[in-house]
Amino acid sequence: MLEELKQRVYEANMLLPRHGLVTFTWGNASEVDRESGLLVIKPSGVEYERLTPEDMVVVDLKGKKVEGKYNPSSDTATHVVLYNRFPEIGGIVHTHSSWATSWAQAGRDIPCYGTTHADYLYGDVPCVRNLTKDEIEEDYEGNTGVLIANEFAVREKDYIATPAVLCKNHGPFTWGKNAMEATHNAVVLEEVAKMAARCEMLNPRNERAPQTLQDKHYYRKHGANATYGQK
Amino acid sequence: MLEELKQRVYEANMLLPRHGLVTFTWGNASEVDRESGLLVIKPSGVEYERLTPEDMVVVDLKGKKVEGKYNPSSDTATHVVLYNRFPEIGGIVHTHSSWATSWAQAGRDIPCYGTTHADYLYGDVPCVRNLTKDEIEEDYEGNTGVLIANEFAVREKDYIATPAVLCKNHGPFTWGKNAMEATHNAVVLEEVAKMAARCEMLNPRNERAPQTLQDKHYYRKHGANATYGQK
Amino acid sequence: MLEELKQRVYEANMLLPRHGLVTFTWGNASEVDRESGLLVIKPSGVEYERLTPEDMVVVDLKGKKVEGKYNPSSDTATHVVLYNRFPEIGGIVHTHSSWATSWAQAGRDIPCYGTTHADYLYGDVPCVRNLTKDEIEEDYEGNTGVLIANEFAVREKDYIATPAVLCKNHGPFTWGKNAMEATHNAVVLEEVAKMAARCEMLNPRNERAPQTLQDKHYYRKHGANATYGQK
Amino acid sequence: MLEELKQRVYEANMLLPRHGLVTFTWGNASEVDRESGLLVIKPSGVEYERLTPEDMVVVDLKGKKVEGKYNPSSDTATHVVLYNRFPEIGGIVHTHSSWATSWAQAGRDIPCYGTTHADYLYGDVPCVRNLTKDEIEEDYEGNTGVLIANEFAVREKDYIATPAVLCKNHGPFTWGKNAMEATHNAVVLEEVAKMAARCEMLNPRNERAPQTLQDKHYYRKHGANATYGQK
């Protein structure tokens, strides 16, 4: 069932430790098949060295396990909510990568200080608030997804243009058109988080990159008038 | 004698440089066999590249060497005291890993700023005071163990829930149900120490993660109601 | 056409990820053949793992593509302007290397704090201002080159003695007598940027290295009286 | 001539890039043969990948080249002075390793904040002042050695107990009983420099480790009553 998708999700997961984004089992990647309404995700707590494509777990968009010998990732409910609320995305990645997590622990949005950021992430990367005690007790993982989607709605941010978020005192989620692009964005986010921290250290009153520069770089890579690469 | 245990302790020790926690010979792992009352520990000052399972040293719970061609680690007395005072633990690791040691040198507890910390270490990681001149002269390594155990008693901290400590101006000790888990916790502690330092840099007035979030993550992984992984 | 040059430019490009200066496709190296008035540059957005010498693109000094199956780097216009304005240089490198980019994002020149800097880069490394909205809209990449060259003219800086610049909120460019030397200078710049940031952290009121020491080191390696190496 | 010594000096030099202490050719190791009064040192500006034991250069204790196809390191005169002024040492290493150099660029001694430092380096690591214009013009490299030796004399520091120094706005020198021990101390110094910087970041009013703790660790590893290792 969904063998090709399992292979792709497996490969995206395996890139996470290779890019230095994941220690032990602290991360997971998933991809959804919009036609069948099923998503494939990493099993919970299984070591990367032991992982095989067959170990991937199939879950439906209500969060019910459909196939797999293992339990799905403990963050599955967050993925499910995001796939439902963000209909244009195809893949999601969660890590505890150290610079992005440091911003999350600091409870701060990552300001757009430069073109590396603007090339991939339109505007600041939002950091959502903590869940309340009631929200945690009711459905911690599901409500994490709800909180993320609501934050984008309230701030009127386009989730396609800004495919990343930080959860306060927790860590980052990124997404994209498939699991591989979500993984790519997780690498970008970590690099951007690192450089933003260091440039604040060098200039504590640092200001964001000018909006015209941000737009120039974002639209050089995205949209109808993109000129970057080999289209 | 205790060949399997020696093999396990050897493997745990060899993971320390592989995880980047140890430079030269600055670290040691041990594991105790509660039935025989014997512990196996790395020899003192032997390079990791030359180490073999047979080089491991057997010591009793009074700190007396029972078998081995080498002297045991210079920190053996600390391990012995901790095994006696913390009857539920099976393995101990000591390193000079750089972020955890930086906190130890700064003389500060590591506050719980996020879920990476809460997943493994309940509440702040304590930093114990310096030993006095008399305590150092009487029995430096043994009194280090006494100080650690007393600190957990005075603060009423559960050593099972918080399997890590910092010794002021020195470095970290971690423990677990065996040497491998203690090694695992040493990696966690280093990662947590790094991210806590960086998030303070990003937000000098940073506050701890809410207690409800800490509890959610800790009990998602530990205790009767744990849901993480493949039980 | 220009096969040897393509090979050299290919090799210089491949060194960028190997030295940790480039994530994904975020960098490019070029070299000019002054006789024919043609330059060879990396194609835009092609992954380093897939790159071959034949993929390199040939462009003339007006920025027109002369040969190659791919589009040239999106930064080609900047390279072209620099080759025209800096007639003594033969190679150019652009990266988003993390420490140099952090200084660029902070909008600051890198002060010369030590001999590592002085050995290669005479005086501070300038950070040029942002382009205006009009300059961006007219010709972003070309005007980036104009701004760099003008800055060296206005500051009366010798571009041979200081083969590096930062573009505000963007990143560094370095150059040299060929692509390999430009790559070498990109590594130097990153190392110098890292140490300058750290020494400000250690001493927030840090002052530049004395001019006599800067001169001693620069002229130990450069010019008629150089004594370093094996001439 | 001195083939075994050349081999040892070659091996010590090759460890410098392997330990991440040296970029390009920015470092050199030497060892002296006290009987013949000759020292062997790395050639100037030769890449580590191309280096062979035969490339090592033989110099006498007046700084005169005795054998070798290459010029000796540009820092040879500093090594020569140190061998003359510090009669008990057998090996010297100079690098631009990044944390130690950051302290040197900040013009600060490295305070002894912990046992990692105290295990190898007794008390603070001194940072010597800049040379004056006259001292630079007269004999830059030789006077660097004179300044180091004088600093130890003025501060009444034992160069055997503290085998490391920082030169302001330049970088570190370390030494030991042979080239390998000097290399070992260069690794220690870099690690100690890193952790000292980070612990000041965590606690800007940090104080030195208590003298009794420093003494305990130093004398656990050194002198007649040492207990560390396998003597």
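A, B, C and D label the chains in the order they appear, each numbered from 1.
Here, a residue touches a chain if its C-beta (ideal position, glycine included) is under 8 Å from a C-beta of that chain, and two chains touch if they have at least 3 such contacts.
Protein names from UniProt, one per chain: A, B, C, D = L-ribulose-5-phosphate 4-epimerase.
Computed from a prediction, not measured in an experiment: that's the story for all the values here.
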item: Contact-graph separation of chain B and chain C, given in steps at minimum; value: 2
item: Rotational angle, Cα trace of chain C fitted to chain D, multiple of 5°; value: 90
item: Interface composition of copies chain A and chain C: same or different, split at half; value: different
item: Most distant chain from chain B, judged by the mean position of its C-alpha atoms; value: C
item: Chain centre separation (chain A, chain B; CA means) in Å; value: 33
item: Where chain A touches two or more other chains at once, by residue number; value: 200-201
item: Chain contact topology (line, ring, star, complete or other); value: ring
item: All touching chain pairs, where touch follows the definition stated at the start; value: A-B, A-C, B-D, C-D
item: For the chain C and chain A complex, residues of the former touching the latter; value: 23-24, 26, 43-46, 70-71, 74, 96, 98-99, 101-108, 130-131, 133, 136-137, 140, 169-171, 197, 200-201
item: Touching residues on chain A, where the partner in the complex is chain C; value: 113-116, 184, 187-188, 191, 194-196, 198-203, 206, 209-210, 212-213, 216, 220, 227-230
